[in-house]
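Naming follows writing order (A, B, C and D), and every chain is counted from residue 1.
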Amino acid sequence: MNFELSEDQVMLQESVNRFVQNNYSFEQRRKIVGADQGYSDAHWAQFAELGWLGMAFPEAAGGYGGTPVETMIVMEEFGKGLVAEPFVSTVVLAGGALVHGGSDAQQQALVPQIAEGKLKMALAFAERQSRYNLADVATTAKKSGGDYVLSGAKSVVFGAPSADTFIVSARTAGGQRDTAGVTLFLVDANAPGVAVRGYPTVDGMRAGEVTLTDVKVAGDAVVGAVDGGFDVLDATIDGAIAATAAEAVGAMSTLNDMTLEYIKTREQFGQPIGKFQVLQHRMVDMFIAHEEAKSMAMMAAMRIDDADASERRKAASATKVQIAKSARFVGQQAIQLHGGIGMTDEYAAGHYFKRLTMIDRSFGDGDFHLARFGALS
Amino acid sequence: MNFELSEDQVMLQESVNRFVQNNYSFEQRRKIVGADQGYSDAHWAQFAELGWLGMAFPEAAGGYGGTPVETMIVMEEFGKGLVAEPFVSTVVLAGGALVHGGSDAQQQALVPQIAEGKLKMALAFAERQSRYNLADVATTAKKSGGDYVLSGAKSVVFGAPSADTFIVSARTAGGQRDTAGVTLFLVDANAPGVAVRGYPTVDGMRAGEVTLTDVKVAGDAVVGAVDGGFDVLDATIDGAIAATAAEAVGAMSTLNDMTLEYIKTREQFGQPIGKFQVLQHRMVDMFIAHEEAKSMAMMAAMRIDDADASERRKAASATKVQIAKSARFVGQQAIQLHGGIGMTDEYAAGHYFKRLTMIDRSFGDGDFHLARFGALS
Amino acid sequence: MDMNFTADELAFQKKVADFVEANLPPDIRTKVDRGIELTRDDFARWMRILSTQNLAAVNWDKKDGGPGLSIAQKFLAEEAIFLGGAPRMVHFGTRMVGPVLLAFGTPEQKARYLPKIIASEEIWCQGYSEPQAGSDLAQLQCSAKLDGDHYVVNGVKIWTSYAHCADRMFTLVRTSKEPKKQDGITCLLIDLKAPGVEIRPIITLDGKHHFNQEFLTDVRVPVADRVGEEGEGWKIAKFLLGHERSNASYVSINKRNLKKLKDIAADQRVDGARLADEPAFRAKLSELEIDLQAAATMAMRQLASAAADKPVGQEASILKIRVMDALKRGHELMMEAGAYYAQPFEQAQIRGESNASQIGPDYLYRMTPDYFESRAMSIAGGSHEIQKDILAKRALGL
Amino acid sequence: MDMNFTADELAFQKKVADFVEANLPPDIRTKVDRGIELTRDDFARWMRILSTQNLAAVNWDKKDGGPGLSIAQKFLAEEAIFLGGAPRMVHFGTRMVGPVLLAFGTPEQKARYLPKIIASEEIWCQGYSEPQAGSDLAQLQCSAKLDGDHYVVNGVKIWTSYAHCADRMFTLVRTSKEPKKQDGITCLLIDLKAPGVEIRPIITLDGKHHFNQEFLTDVRVPVADRVGEEGEGWKIAKFLLGHERSNASYVSINKRNLKKLKDIAADQRVDGARLADEPAFRAKLSELEIDLQAAATMAMRQLASAAADKPVGQEASILKIRVMDALKRGHELMMEAGAYYAQPFEQAQIRGESNASQIGPDYLYRMTPDYFESRAMSIAGGSHEIQKDILAKRALGL
């Protein structure tokens, strides 16, 4: 039993922490997310250089063989600064699908490009009717000789505007919500028939609606087994839950620190408002919420690679439920304790609240995962 | 729009209030519920004399034509003193079934006896497997010539040990959980085949397990239509929800007053604990919980006679959900604020908490009624 | 006891509802329904339409030029207006300045200002808060120095709702530094077009412009625009706090939101079934509806007390806490209902600056911004914490 | 990072579990499973059995006569004992008196008391609280006056868990009225059979006898039974507060309760289906299980920190709050699971005074009393409010 980071992991943590300190002050972030692209190419290049983009991939594929613990470390530090680069979409989501489903050839072709920062990807899994059910896929892929022809619309694809290549879930067999019959495809963003309508999300990130109109892809674009895409997606999204749980833990940590500082200095009725016992206990509850979330994010990092899919799913869902609860409480109360200033766009607290709220809206909300956990128990 | 009591209602309220003040100090109650019978015959006679036992029945049947508002008034005052006499079982439950389902002959035969305090009754509706579903009836009533033969076991029948006559739900047709096919029967407590195992409940009241072994009743013992007992039961239980909601409001009122008094006088760390802001806000939340419960109990008293069964059901379920929430919060926090002394059997607070907890366990808990309300919306 | 309104009262409500139905401009209706930011002109237009029926100053007595409605009628009128899809009013004139001038104003002030308030010809805002004085008005810094027949005002006001839509600001300023700080506060009526007034928008988390910050630099305010005596500002502020806080109107807003939420939950699908029938969501929906029913009944009880001229007392604070909680919860559930479509942020559309189609179902696109905005409900106008401090002290004697 | 225990550690746990399985007397096992009140003899018997394996003083070092377990082993041993169905121990001797004597005791005191603690031959209780001094020990009134080589003790102690099962009481008394009140407190070891000691039971809401009140009238306590110097009682009490508060063991109790709850929910039926599958109940069950998982992980992190000799600090208070909340919730759900069968109160059966059959399913009959009892979890040993005051001050610097 050991909850310590290794020396290498501590170095990684310090390195990401330093990056965030130097590049993600609130004003620096405002500039980044306020610009059209919504992230910085220079930062992306730096991520590649520092090895963060290849970190999570197997060495055989050209990655650096990191574990979910390394991803947790990076994401927690990213969360502290609300880093906006498309790391989750490229490395955790599309990258996760490649790790869980990609052939050796696919991995060897794509992973080095990702690691070098030359390739950005996105995973297009949600649809207008799907909510959080990964098997609810209406987009079709019809076999046409050795090729497939994809048609349909994918919703709120994180990182879509910057993606060079998508991994798209489409139905090759079965009914609309059958887990069997979902297949994943690599789709070039510039392929004829692919249209992307990009937009900012409320947390300052970028996403897009991806429409596929008779998009032709070759047979070797299939990621994983034909009709077997669901398990790949499911494992990938569980990985994304672990990663964004750590991000939420980082964001809560900063938000708590910020709020504590605020109530220690803001004066009302002749004393710092942090002298009021009600606010003290609220703040204590916020710190407890963070501690619980952190414990669960660590647990997830250690369990999310479990070979037993049921154990993995339970760990992911339990973690997501905890994150939903903690993030909601910390976010809402941080605003309440800040009062008016916390409600303004000019002040950092609200942006942490927004990101925490959107993490809760991604990959299944608390209720969804409470039910999933219950079904597995 | 008028939330005032009429002059007669105010007089009723004062009269019940006076009774409770004089007869239901904590020590007086301990003596009553500690004795074998668990209530006082003298009180019961007084109830009759003061007209409270006949109040809710139609004048034509020998009652005094009161409305649910009168029942609310009595129950709220009873709640303030945790009155232990079997008023709910006789008047509200069995009496309610007579009002909703009884023939003129049945009403005229029984109501005057109830009103005079000569007849105590109980409604036996729950069974071991039924939880809160009134239609889940396994007890059978088989036709035998003009008679019926009843067999089965009824659970946790409030007021069973003192009941002279039961109204029992039994199945005459349909499957075990069909609403159609439930029939209500008058059963003499002394009839051959009727066995009662009585016991105290955690709140100091009395209930019993009623076993029916080939109990023969005449055809005129049917209350309401054959196979049509469910609607009578359903309306009766909704009435009991309104009545015990008012009781809970009364109990919360006393418990809040008691707790407020305690935190104003109990000193710790050199000051009354009521000076601590956290306890002040908790107390405020407890008073809000009581105000909300009171509003809903008033609403229920005005709506529970609604001719539209769906409106009646919604009002009852909404009220029960609110009572569950308020009673749980007030009860738990009253103990928390009292600390150790609140945990002891020698102190009144815990007994209010117990009664509130048992009201929550009667006629469907908060979750049950939240689902019922949702299904009706 | 009787929870029902009289037939006459309901007929009156129907009349108001019909008027709103017939006269609410379609462009404003659409904006309200879609949550698009309203312009100064939108507010002014609608308020003037209501004024034609004397429904802007809905709470005013007949003798003061108002419609002289009963308490039940006021409630029913407001409910009809809200449920008819109308925007909330910028009502500092009718709710604050009017009552204050009626109680403390000079005959000249009354003659000058009241008719334009009733007719919605001038729109008012309220300048209370300052960066260092939020809930604690005793800390006000904004100063007014007498210079002949004018005050010269310098300072900063903040959290001024709709100042950018208003003509004048009802303002608390400091005219002296008394040892007891509240004694030095005075009330001035400030023309927002006066030289030295600079209004800067504060954009909130929802991307909209509700609030402002005013920088007042050597702004000259005629002594004739001082309300009451010097140093009476605190008294006037307390008068307003004690004055009708129409939190009952939030019951109507809540009802409108609940209807919207139910529409959304009926349209959204979970595995092909209605979100409204998914057990966890349905339970949350029912819980909210029941909470709202409790709040509505409390509001009715308060209205009945007020109508019977009984003191309403601290129940107003209880009602505020509970209606605001319900509002926040309603917006939270509308956001949750959107699932992934809670994420897109379409600020240009929200602000009415773009006609681009919405991302995803068009009824969802502003649910998350609305949720963020709703968080202010337990902060503004006396935070929940302050309401509970007041209740502990005044209602419980703690 | 690694959440797993080593194979050696797990083998050790297995050994303890096997011992419990083989040696827990069946009558005691039944009582624990059924929630029947244990007698003094039951406690003593089981503790002596554990002592044969040196597992009563599970937290003691080898040099002090204990088993010298690692932190992980202690946790695993306790878990094996709880999950094996054993009763909680009356462990004031091993957890309080022992550590205090090791730190502050005279050689004579150590020789006299420690071996009997390790062997469970003497059972101890703790006399801290008084009617007017709950969480605020500075207010202690119980007085001890020196008279030759004895102290004469007069006063009242309250909330003494298991005094009726104990031989001796570790007691804080007042030996002087210093201006700074905590300076006058002294620690005495009192023989409960001494003349002048009267123990009165306090029956709690669950109908059981856990607590007592002691009336001490001219009780003579040898000076040799004073621990530390006069006036050092406060220091010793603080030493104990800082000493290992094995809240991690509540994780094991919670696990046992969760299993029981799941068994109940699997057996109870709602319209013929398992209560465990009813959506609302299942959600509550899952929520509790996840809360417990978070608490368990926090406990693991604390154990790992302790094992690495890092300061555990304020996390102990956080863990206490959360494990106690989980315990309370678990008991609440077990009560809810009973529906109408939550109502019968079978005190005689609970107290082991009747062999009558239970009303309703026999696994339900004491769920409501247990629920009432569990409310003490956020009161005893420093209420949640006090824990949060401590956290605000020490962890957050507020």
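Everything below uses one rule, namely that a contact is a pair of C-beta atoms (placed from the backbone, for glycine too) under 8 Å apart; a residue touches a chain by one contact, two chains touch by 3 or more.
If you're wondering where the values come from, they're calculated on a predicted model, not measured in any experiment.
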| item | value |
| --- | --- |
| Intersection of contact partners for chain B and chain D | A, C |
| Farthest chain (mean CA position) relative to chain D | C |
| Cα-centroid distance, chain A relative to chain C, in whole angstrom | 38 |
| Centroid spacing, where centroids are CA-atom means, of chain B and chain C in whole angstrom | 43 |
| Distance from chain D to chain C - Cα centre to Cα centre, in angstrom | 54 |
| Two or more partner chains touched - positions in chain D | 279-280, 283, 385, 388 |
| Chain A residues counted as touching two or more neighbouring chains | 276-278, 281, 367, 370-371 |
| Chain D partner contacts - residues on chain C that touch it in the complex | 279-280, 283 |
| Contacting residues of chain B [partner chain C, same complex] | 1-5, 69, 260, 263-264, 274-275, 277, 280-281, 283-285, 287-288, 291-292, 295-296, 298-299, 301-303, 318, 321-322, 367, 370-371, 373-374, 377 |
| Residues of chain B touching chain D in the complex | 126, 128-129, 131-133, 136, 155-156, 176-177, 197, 199-203, 207, 209, 267-270, 276, 278-279, 332, 335-336, 339-340, 343-346, 350, 353-354, 357-358, 361-362, 365, 367, 370-371 |
| Interfacial residue positions of chain A with respect to chain B in the complex | 276-278, 281 |
| Complex contact set, residues of chain C against chain B | 1-6, 72, 279, 282-283, 285-287, 289-290, 293-295, 297-298, 300-301, 303-305, 307-308, 315, 318, 321-322, 385, 388-389, 391-392, 395-398 |
